[in-house]
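Letters A, B, C and D mark the chains as written, and numbering starts fresh at 1 in each.
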Amino acid sequence: MSNTIGRLYRVTSFGESHGRCVGVVVDGCPAGHRLDPEHLQTELDRRRPGQSGVSTTRREEDRVEVLSGVFNGVTTGAPVCMLIWNRDMDSTRYEELRWTPRPGHADYTAEKRYGGHQDYRGGGRFSGRITAGYVMAGALAKQVLAATHGIEVLGYTSQIGSTVAPDVLLDQVRENTERNPVRCPDPETAIEMERNILKARDEGDSLGGAVKCVVLNVPPGVGQPVFDTLEGDLAKALFGVPAVKAVEFGAGTALASMRGSESNDPYRIVGGRVETASNNMGGVLGGVSTGAPIELTATFKPTPSVSKPQKTVDLKTLEKTTITIEGRHDPCIVPRAVPVVESVVAMMILDHMMQRGHVRQVLGE
Amino acid sequence: MSNTIGRLYRVTSFGESHGRCVGVVVDGCPAGHRLDPEHLQTELDRRRPGQSGVSTTRREEDRVEVLSGVFNGVTTGAPVCMLIWNRDMDSTRYEELRWTPRPGHADYTAEKRYGGHQDYRGGGRFSGRITAGYVMAGALAKQVLAATHGIEVLGYTSQIGSTVAPDVLLDQVRENTERNPVRCPDPETAIEMERNILKARDEGDSLGGAVKCVVLNVPPGVGQPVFDTLEGDLAKALFGVPAVKAVEFGAGTALASMRGSESNDPYRIVGGRVETASNNMGGVLGGVSTGAPIELTATFKPTPSVSKPQKTVDLKTLEKTTITIEGRHDPCIVPRAVPVVESVVAMMILDHMMQRGHVRQVLGE
Amino acid sequence: MSNTIGRLYRVTSFGESHGRCVGVVVDGCPAGHRLDPEHLQTELDRRRPGQSGVSTTRREEDRVEVLSGVFNGVTTGAPVCMLIWNRDMDSTRYEELRWTPRPGHADYTAEKRYGGHQDYRGGGRFSGRITAGYVMAGALAKQVLAATHGIEVLGYTSQIGSTVAPDVLLDQVRENTERNPVRCPDPETAIEMERNILKARDEGDSLGGAVKCVVLNVPPGVGQPVFDTLEGDLAKALFGVPAVKAVEFGAGTALASMRGSESNDPYRIVGGRVETASNNMGGVLGGVSTGAPIELTATFKPTPSVSKPQKTVDLKTLEKTTITIEGRHDPCIVPRAVPVVESVVAMMILDHMMQRGHVRQVLGE
Amino acid sequence: MSNTIGRLYRVTSFGESHGRCVGVVVDGCPAGHRLDPEHLQTELDRRRPGQSGVSTTRREEDRVEVLSGVFNGVTTGAPVCMLIWNRDMDSTRYEELRWTPRPGHADYTAEKRYGGHQDYRGGGRFSGRITAGYVMAGALAKQVLAATHGIEVLGYTSQIGSTVAPDVLLDQVRENTERNPVRCPDPETAIEMERNILKARDEGDSLGGAVKCVVLNVPPGVGQPVFDTLEGDLAKALFGVPAVKAVEFGAGTALASMRGSESNDPYRIVGGRVETASNNMGGVLGGVSTGAPIELTATFKPTPSVSKPQKTVDLKTLEKTTITIEGRHDPCIVPRAVPVVESVVAMMILDHMMQRGHVRQVLGE
């Protein structure tokens, strides 16, 4: 009872890495939206495995199928079920690892959570492949947000290992992010990041990093204090993305060492409208949007699958042992995580736009 | 419809800073718990204003009243309504600030969210005073967690401004945290932190910081993937605490620059039980507890109320102006936030312990 | 975790019959509504005990106090906490009945549900007195519905024992219902009903009956199929009223023996608008309002408290025994239930009007 | 955001009558249940169209596919997605009816609810075919209830038109119900019911009726007062079944004319256990199970599709018109509704058994 998120735009995820499919049911998508199937597929392609040398070699076509909720190309207001079928699965190796939990993966916690009944093949329900469903639901949300309010959700890789991207302009993000395999809007940094990933891969290791996401054109006054804050709901959704271990808004952890006179974003009038002169708060105050861009950063831990030998235990004999993980893995998940972060952000922003009444259940009403 | 959090241990907050009271209704508290009213009051006292020179001079007795859900000293399973009455309110100054939103506060976003109908006195519903209700609900949760599973929730100030506490042992936390006004378990650091706060106050400024929280004795297998993860639910609750802008688990943002071979926590057998040799993951993998201590850090922005002049706008004339905020404010909210962080963490841990069936709806069954 | 109802207009009930108070927190009440405190009190007075010879002699002033969510007489969008204090309690008799569950009451099920920790005085949490909270939340909902859409919620007693009220015009309901102690809009039937109640009371017995409720001016298209239907949500709320055992819409159980050609409500055009020529469906089709009046009937079982001797068991000795219930009870709860039925209906209708976007979270936007 | 029901056993429905499929995602199904796929199919076959002369002639194989949540034949605790594909669709006739809403159907309310974007073919999302998904989710729930607590859910036709079944023994229900096309446990009554249906069909008309459902072996103490009562949740789910217009528990509407001394179910001791000597309350008091069989009755209105001419309006011209509905329809839906009623009842009973902790999230723990 934990695979659904959202209050009005409700996303229910299903499927496993090595099961028949991965999908999602979106309940509450506004009626009257003309679905753009190509955009949906394009978004999914951004997340697809096997895009470049920095990602896994698992090959999946990942063609999305829309099973319900769309009639004559337009959303009806009924639940939209979307899925992709799994095809290129290799489950053989997982039997060996059945009783020796891989450090950093959810093998051990899944065992404890589900009493040994979990599908352990390829991470099963805990696999990053599940996020394909998030991307479908997020792509649909992006379309509605763009069509109704011109809202744009821009994600990019801001850090890989110890390489941090410099500050960039939004136009750089729009132009450059998709032009390099690491999805960093600064071309020089991108080259360094890619080099670092390949080096880590060659050393049988992996890297972490961070994704920054900016949401433009959210009007002020969106968010539900005190417990369903914009930050809280975005963070909750982001922690549903495997490997995310920290979420920051605006200046984030750097705010700890600032002074109030410095961190407070002063108000000013520009073009007859109120705006903030800086954005240390990341576009949110009191859990509610200020009208400034919503800015957040999600930290991803390094991919737990490394080919170096690792210490673990045998759950049956309770003796220590060592495992090496072979096979097809992303040495750094961050580049493929960019569309996933955008997607969960878009889902939650649309949900809050609907809660606030800015997006109606029937478009055009 | 946003003032309730939790699925089985459901906390509904109500009240305003300058209204009649601040309170909470806890629905789903297990039946059969002998409420310790002194502990409840003690926890509330830790959050109370006017404790020391580093906090506001507003004087409130904050005596908790339990209005329902307890019979013969024992919880009945019915909703527990608890509240404190507001007494020492000074609302005069807020009329002047009515149309000039204070930077860093929620004045402007409240205006946009509630169409001008919000109670703007003392921050109204957005005031930190609301967290007194969280502390009541959290104290009750702590009692149940301790009584049923010996679970301990330990919070402390880990950073004030640029002063960061060194690594400390849990026994230091237990012994020292409540012995100094900044709630830092390292006595020397505490002195420096206090000095920094007083200095900022004297300069008409404020400081931010961070609270670290450790939860001991949560069994492995607690948490609900994929969307109601331990991290996600804890983060959502923490972002319900005013001024929190970042939430990290385990090594947090530092994981971005680690390698997988370094960040993965290896498993080992100790005393016949599986445990992790390190805890970079903060006790959570795949959204589920590993059995290691759950460790998290919440970053607090500097108190927005500074007495230095600040730029803002007049919402009626749409012209720029300058304000200075006088009155009784905490130059750094972090020390008083420690029990608040513990409280929301305790609430969510109990909720998840109940979801996992480790705490029953009727104790002793 | 079961004392809250509604999705956007969320009502959380708390309090016990012989505890300190009975109250409610309304989360999600639209901001900008000028609360009419007199109407609130008037509604509560309709439910108050001791109104006439047909009701209990417990004397309670039941003055409502609004503790939060209203500022300068207007709702702010923050939770509205309202309560009445309990005063005229006589708990002595309940100790005797502690281990001999009263037939028809929830004594035995409360024992099983809460493991013996329930407040058993006066029915505790299961008492009809809890519905005072529903009336507060319902009165507020009625005010918003009337102010924004002219929606009227009209309840009346349609049956007491075997006496069934004839069909009446809405104007009769408006004029007559509050003029007699049984709240029946047909004056002659009212006299018979009252006589029957007094007769049953004198015989140490009690009567059941039914309340009919009509909601006018709900626009077509309100309701959320397939699971949050208007009927489903109304019924769920109605079964939250103690003693309700059946809920019917439109022609209700009589539909079982009708033919489709007879039960289908034909469409016609009146004044340029679509309407139905009959209303066997009670204003709901497919879970969604048709625009016709929403009509429902709730059946109330006879008051379980009768002074005749009743067979029960001693839960400690597991032996059979006999009890007689003395004290202050309503020989027929139906007349006092009328405002309660109206209230839960109003709550749910407002919730659905908000879900459909017809009532905004900020009025006047 | 209205296609999900249940708190811990959460069922999300999707699909349309003439879309690609009809299905369901069950989130929260306990881990460790060995799924019986044959039982699943058998249950679905009970609901399938084209079973006999009393049902529609639409021919669908309705082979259920389980897409997720089951591994090695056992539930994993992950969401269980199940669906059937639509094949024998004939959508041509619906274009003609596009602007002339059929009386008694949801055509007009769907138009108003979804702004004209609804899939209007074959009732679309409002079709009874949607209940195939309910049956899948209900069959799974039945299996878990039977395996863990021997709980049995027995539904049968208790009324068709004005023909009412006499009181029957449970063994008659078990033996006879599936032996006749109307699912009435009394063979003689069944013959009369069948005759009535065929007569109505031949006259171009349709009949209503009622389904009674009994649930055995639910322990006392299950249910969540005050708003998530057993009755309330069961009723809400039942009103999610198309054509249900009344829901009664125990003696239901007959309680209105009973006296308390008669309606109260006395307690007695049988075999050392407390039980009630009668069951007018239908096994529920105060929203909580008494341990007696849970008994309820759902009234179904006559099938709205009748071939007699009906008055309606043209929504485009706003002029009156007449329609005749041809094609494949059930002259009485009640017999096929029996497994549907059982299914939604089983779903909610399992949900409440889980809420009360009687069924664990991991079976065998």
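Convention: contacts are C-beta pairs under 8 Å (C-beta built on N, C-alpha and C of every residue); 3 or more make two chains touch, one makes a residue touch a chain.
Since this is a predicted model, take the numbers as computed values, not measurements.
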Far-end chain from chain B, centres as C-alpha averages: D
Chain pair with the higher count of C-beta pairs in contact (C-D, B-D): C-D
Intercentroid distance (Cα basis), chain C paired with chain B, Å: 39
CA centroid of chain B to CA centroid of chain D, Å: 46
Where chain C and chain D are represented by their mean Cα positions, the distance between them in whole Å: 27
Set of chain B residues in contact with two or more other chains: 1-4, 7, 13, 113, 125, 356, 365
List of chain A residues in touch with chain C within their complex: 7, 355-357, 360-361, 365
Chain A-touching residues of chain B, taken from the complex the two chains share: 1-5, 13, 101, 103-106, 108-113, 125-126, 130, 159, 161-162, 200, 204-210, 219-229, 231-233, 235-240, 242, 244-253, 255-269, 272, 274, 276-277, 280-282, 284-291, 299-306, 308, 310-313, 315, 318-320, 356
Chain C - residues contacting chain B, complex: 1-4, 6-10, 12-16, 19-21, 23, 25, 27-28, 31-32, 67-69, 71, 74-81, 83, 113-115, 117-119, 121, 124-125, 362-365
